[in-house]
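First chain written, first letter: the chains are A, B, C, D and E, and each begins at residue 1.
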Amino acid sequence: MGAELRIDGLCAGYGRVDVLRDVTLRVDAGEMVTLIGSNGAGKSTLLKAVAGLLRPAAGTVTLGGVPITGMAPERIVRQRLALVPEGRMLFGPLTVDENLLIGAHSRPARDAGVAADLERVRMLFPMLAERGAQISATLSGGEQQMLAVGRALMSGPEVLLLDEPSLGLAPRVIAAIFEALDTLRSEGLSILLVEQDAHLALRHADRGYVMRNGAIALEGPADKLRDDEQVRHAYLGGRPETRE
Amino acid sequence: MRGTKVLAVVAAVLLALACLPVGGCSVDGAAEGGEGSEPYRIGAVLSLTGTYAGLGIPEKNAIELEVARINDAGGVGGRPIEVIYEDDATDAAKSQAAAVRLIDEEGVLAIIGASGTGQTMAMRADAERAGVPIISMAGGSVITDDFSEWVFQTPWPNRIVVPFVLDQMAAAGHTSIGLISDTGGYGVDGRDYVLAHAGEAGVTVVADETYNAGDTDMSSQLTKIRAAEPDAVLIWAAGKEAAIIARNARQLNMTQPLYGGSGIARAEFIDGAGEAAEGVRLGTGKILVPEAFGEGTESYEVATSFISRYEDAYGTKPDIFAGHAYDAIGLVADALGRIEGEVTSDSLRDALEKTSGWVGIDGTFTYSATDHNGLTQDEMVLYIIEGGTWRLDR
Amino acid sequence: MEAAEFLQYVIAGLKSGSIYALVALGFTVVYGSTGIINFAQGEFFMLGGVLTVWFYGLGLPVPIAGLAAVATTAALGILFERFALRKQRSAGPLVLVIITIGGSMVMKSLARHLFGPDELSLPEFTPGPSIDIAGAAVERQALWVWGLTIVAVVVLWWLYRKTRLGRAMRACSISHDAARLMGIDTARIVMVSFGIAAALGALAGFAVTPLTQTSWDAGAAIGVKGFAAAILGGLGNPVASVVGGLVLGLLESLSVAFISSTYKDAISLAVLLIVLFARPQGLFGSARREKV
Amino acid sequence: MIRTRLAFSPYVAIAIAAAAVAAVPVLSPDRYLLKVLVYVGVNVIVIAGLALLFGHAGQISMGHAAFVGIGAYTSAYCVGHVGLPWLVGALAGTALAAAGGLVLALPALRLRGHYLAMATLGFNEIMYVAFREARGITGGGDGLGGISYPEVAGLSIDSPVGVYLLVWGVALVVLLLVANILRSRPGRAMRALHATENGALACGIDTVGLKIRTFALSAGLAGLAGALYAHSVGFISPGTFGLDQSVIYVAIVVVGGAGSLAGPVLAAIALTLLPYADALIPGLGKDAVALLQDWEADIYGIAMIAVVILAPAGIGGLLTRLRIGRAGEAHV
Amino acid sequence: MSLLAVRGLTRRFGGLTAVDDVSFDVHEGSIKAVIGPNGAGKSTLFNLITGFDPPDAGSVRFDGREITGQRADRIVRSGLARTFQNTELFEELSALENVRIAADLGVRAGFVRSALRVGLTAGERESVEQARRLLRLAGIAEFAQARASDMPHGTRRLLEIARALATTPRVMLLDEPAAGLNGAETRTLIDALYRIRDAGVTLVVVEHDMGLVMEIAEEILVLDRGAKIAEGPPLLIQKDTAVIEAYLGEECADVGC
């Protein structure tokens, strides 16, 4: 069910501010890849550019071989790529169930898969089944994050992008969410995970990229990156980087 | 700086404006030759659009009809009448500018208008200064109460209509009345006269309510009136809201008879109020039922002739506003015909003031140096609405 | 004051109030999806009445004429959005608001050209004497006004709560970006909102015309009242708009009863101002980020 | 070179404008045109104030017609009933309108966007009722007539040319003062406030005080315009100061372009003249005039829509572009 | 002596405590950095100190005077300037005008005086000169006539710093001045910050670019989830396990991941 995501030479920014500089990365079908890096490195911008919220200035994005560069977000989601955005962007005044149903908006009204996916999401996060009628803004942070992931899954994606799902959450909740991500990956979904918590992300991912200043600074298998001194430098600085 | 750029541009625009009319002057100059067949130029400032469009349009119709008739019959003393129309869009500032334009650029002898009281008052100062008479078709008492030697009026002002209606109410035994009036010029003026003359007529105003143009429901005001238990309710209002009052009164099961004045003497009131209009009494001029003039009288002939010609031309019966306009142009034509010597705005004004016993639609006019309305309560009759039309009461 | 008399004031207030509520709902629906105040909303009300009279004049029965008028007005609302507003969305809310002001001038003036300057009448849906409720008289047409208001509110509620489109509209009013990520075509939603707003305004115009008559210039006054009601409730919340409309109608009616009919508009607006100064986001609004 | 242009252009421009203003009656003593230009001049003053408040400081007012009305009625009352000299009456009108602005601004400026629009709109409606009902002062719905002509130093300005010159004289002085304010610290602070309130605060600008002062000044200018209107037209009625007029004022500023003074002033001139097109084109046939009058509202509405669609930054934006274009040529 | 003294500062949003009982001092003439992961409450802390957001508890003393809860513009005028994480420039205005608006603090000109003036006043000429001087100090003099919105990102950051300097502050709070800057731009920024410090302005910097922080800061304050978790010189902070965990994530065997 997963598809391959390729990003080639992507440049993007806001107005005159260039944030992404020639970013190339790929997520193979069924793979979980993490993109780590300190604040302001451009990770969220990359996800926005891929999902269509931001128009790339240059470069290409292909999904399962189909080019989606510069497409409107409402069309990209129909190509089976879903984004769990930074800050979750839930429809706060709406109930949990309504959020989930809106998540399936991109699919035909009578798509039988919707009901099946709803079941799957509720299995993944049983809380969502219990709290179906609750106004989503009243959920705890962790529950909101689960809902955001569940909502994205309702579009039936082949590639899932997540922007800092651990942000501001308690460790126990983070563990539950990452457990769910592991399950999804084991079911074959391709996942691109943006995280600030490098250790956490690298423990779960197959491969990782380290971003700094809008460009990819390092890449490699997750377990190798975990032990790399340079990753620490990317975060906490210290000596000037050798790679520059 | 961008801000100061304005000044240069303003200058350029003003210069452009200044140059344009210069070219136009010669056009005006050519029109002022003085041959015998040269038309008398009369201005008309009407509300053809805006709130009073419902007044201005029948007024224009009537004027066009009468001017054609007069000119077809050879004009006045061999000279045709030419009317130059201006639309004030029911805006006092526009009526004033229009008056100035008519006086200065068209060189009119007199101005017929405006349709509304406020618009008439706005034209006054410039007309007085230029010495051009105004014949207003608006009913505000202020137009002739606040006397100006240059301003005449054709409709019956509230000064005449209100006491008539109050007398009729008293005569019918309604000594305590509830009043509902609009907050526009007509309603406020009428309300003043009702409150001032009630005692004289022997009636007491036990409830006094108002509403605004555009209101969609007057049942609160009527509930308050109902609680005061008057013998009858007097509606002093113009515009479509008057019909709502009649409807609301009926819906509230109010048993008191309803009275009104010229403001509700419109077919639209009957259409709008529907069933609720039945039994409403109103005091106004005689044009609604020309038999009121008395068959065979000159007034009757004038009215029936006008009604049939108007119907032929426009397919509907003339309303009271058409009547006001008929009188305005008729009075001017009559005065022009009586002028001996040079026809100027001055001599036209003097001739208008000497109008005596001229038979029109609103009544028989006799102007004087102190009365520029020229009508009396004798021109009033009381109607009752029955079967969707007006009938003479009693 | 007797109970029956008081009830009569309440009924009068609820009658005007439900019309304000319908118009306010129109403001709210458009505001929700676009963040702008549609100054042409009052003209939709006018068109509803005027077009009904026109269709009725063609020989259609009143209900069909009303339906046709509501549909035509909705179509005009959609066309207005599609051709006058959509391309300008990036220019900012102020420009859009000015376009709606210009649009309202044109709609009003065109209505005068097409339907004449005089007031137009429509027969009551079910003529007959008024109905007695605890000593207070209620017009049959008022029942229709309430009935249609309730139907409109219920349909709108059903649409918002139970349908795919409604969910998309609500999503859109919370965040355009998040809605687009869900695959919602926000441009289409905005267009639909204009259609719904126009239909709501037209429905109010249709329902009330037998009571009040209508004319080409009937939109401005009701537009102000509807805007006031929407603000009073708190912009962007449909329930609050309905409550705002009813409260405004009651305020006016009770001002007549206890203070003065002359100052009823001034009183109700003064109350509105006091509410705003005390609660800048309206009675029920939450402090939402403004787009202007 | 830029510095010299900055320093001299307003005075050169005002000299040219004054010459143009003076030239109009010499070239054409057309009273109708002068009368129409008086309306234009009055609106230019109102718009100068609203451009300051709305265009530059970013605070919307849908109640400016009410301030014009306050100025008009106050001045007419002071001169007509109290017997004060015109100059004192006009100043009283200006001051009372400014005070009204201050009183409204204190609570209203806590509001933003649509809520501020509603509050000022409500104020306009309330003042409209007051104008209608305070009949002892305002003459009620029928209006107040017979207002005396302006009088300066015992000299009655009662000729059309005199009134025209007075109104435009005041208008040019107002434009100069407003342009000066915009070029000075308060004007820069307004633009800063409009651009980002946080940024303005970070520059130490007392944004609350600035908003209130600007509101009062803007209302005062509207009041001044009202005082001029009352005495040059001689007749005022509540209808002139209604909500629809306030909406038109806001529309004029948007059509003219927020953040510009020249744009709104040009828009005020163009949109005030539009209904009086026959004042400008004397040869226009009567049928054409009638047609124009009949379709005036449509033309007005479409013109408004067309301008904002074709030039979302308004006329001011076009002027800026022109200027940039010119500057570009100059460099070549 | 402590120029800026923050004591027990707390701010809650709903259930979330964004700033939790934070105390620290800033000494005159020093450069202090505030760091912490996303959502640690750094920007909120700045907003509380500078009057853009009212604290729920705690106090801020500046040069011995209580400034807690004062209006933002008054705090600026008392000598405490700031910049913003997302630059809050006057986009339509030129760089010179941006700085001049802040320099206007020294110009005495209300509405009346401004309306009646002829040409530039002496005070204004001075403020223009000061603005030019500050643009030079920030190294962006060549952009004086460019519209802020047309300027490259890096120079916009420097422009905002120049603008803050124009209010003649004694303390300047910079919120992520290096965000979005490339290596060369960061270098320019660091040089500018040293010049500013040497000119006698005390600096407090929120920053994510650790290279910059470690280089310029004399002392670092670390926040995590609203609370202070560490404070000290850079070399100690880099080795602090609490800090490393906050940034890189805990080696959390205890929660079973």
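Definition applied: contacts are C-beta pairs under 8 Å (C-beta built on N, C-alpha and C of every residue); 3 or more make two chains touch, one makes a residue touch a chain.
Model, not experiment: these values are computed from the prediction.
Participant: Figure out the least number of contact steps between chain A and chain C, where 1 means they touch directly.
Facilitator: Minimum number of steps from chain A to chain C: 1.
Participant: Spell out the chains that contact chain A while also contacting chain E.
Facilitator: Touches both chain A and chain E: nothing.
Participant: Report the chain whose CA-based centre is farthest from the CA-based centre of chain A.
Facilitator: B
Participant: By mean C-alpha coordinates, which chain is most distant from chain E?
Facilitator: Taking each chain's C-alpha mean as its centre, the farthest from chain E is B.
Participant: So, what's the distance in Å between the C-alpha centres of chain E and chain C?
Facilitator: One centre to the other, that is 48 Å.
Participant: What whole-number Å value describes the gap between the mean CA coordinates of chain B and chain E?
Facilitator: Centre separation, chain B to chain E: 72 Å.
Participant: Roughly how far is chain D from chain E, going centre to centre by Cα mean, in whole Å?
Facilitator: 41
Participant: Indicate the whole-number Å distance between the mean C-alpha point of chain A and the mean C-alpha point of chain B.
Facilitator: Going by mean C-alpha positions, chain A sits 75 Å from chain B.
Participant: Two-or-more-chain contact residues of chain B, please, as numbers and ranges.
Facilitator: Within chain B, the residues that touch at least two other chains are 49, 183.
Participant: Hey, what residues on chain C touch two or more of the other chains?
Facilitator: 220, 262, 265
Participant: Go through the chains and record each pair that touches.
Facilitator: Every pair of chains in contact is listed here: A-C, A-E, B-C, B-D, C-D, D-E.
Participant: Tell me, which parts of chain A touch chain E in their complex?
Facilitator: Residues of chain A touching chain E: 15-19, 38-40, 164, 167-168, 171-172, 174-175, 178-179, 196-201, 203, 213, 231-232, 235-238, 240-241, 244.
Participant: Contact residues on chain D for chain C in the complex?
Facilitator: Those residues of chain D that touch chain C are 60, 107-108, 110-115, 117-119, 121-123, 125-126, 129-130, 133, 243-244, 247, 250-251, 254-255, 258, 294-298, 300-305, 308-309, 312.
Participant: So in the complex, the part of chain B that touches chain D is made up of which residues?
Facilitator: Its residues touching chain D are 1-15, 17-25, 27-28, 48-49, 84-87, 89-94, 96-97, 100-101, 103-105, 117-118, 121-122, 124-125, 140, 142, 146, 183-185, 188-189.
Participant: Would you mind writing out the residues of chain C in touch with chain D in their complex?
Facilitator: Of all residues in chain C, those touching chain D are 31, 37, 39, 84, 87-88, 91-92, 94-95, 97-99, 101-106, 108-110, 113, 220, 224, 227-228, 231, 235, 262-263, 265-266, 269-270, 272-273, 276-277, 280-282, 290-292.
Participant: Where on chain E is chain D touching in the complex?
Facilitator: 50-52, 71-74, 76-77, 81-84, 88-93, 97, 100-102, 104-105, 107, 109-111, 113-117, 119-120, 124, 145, 163-164, 166-167
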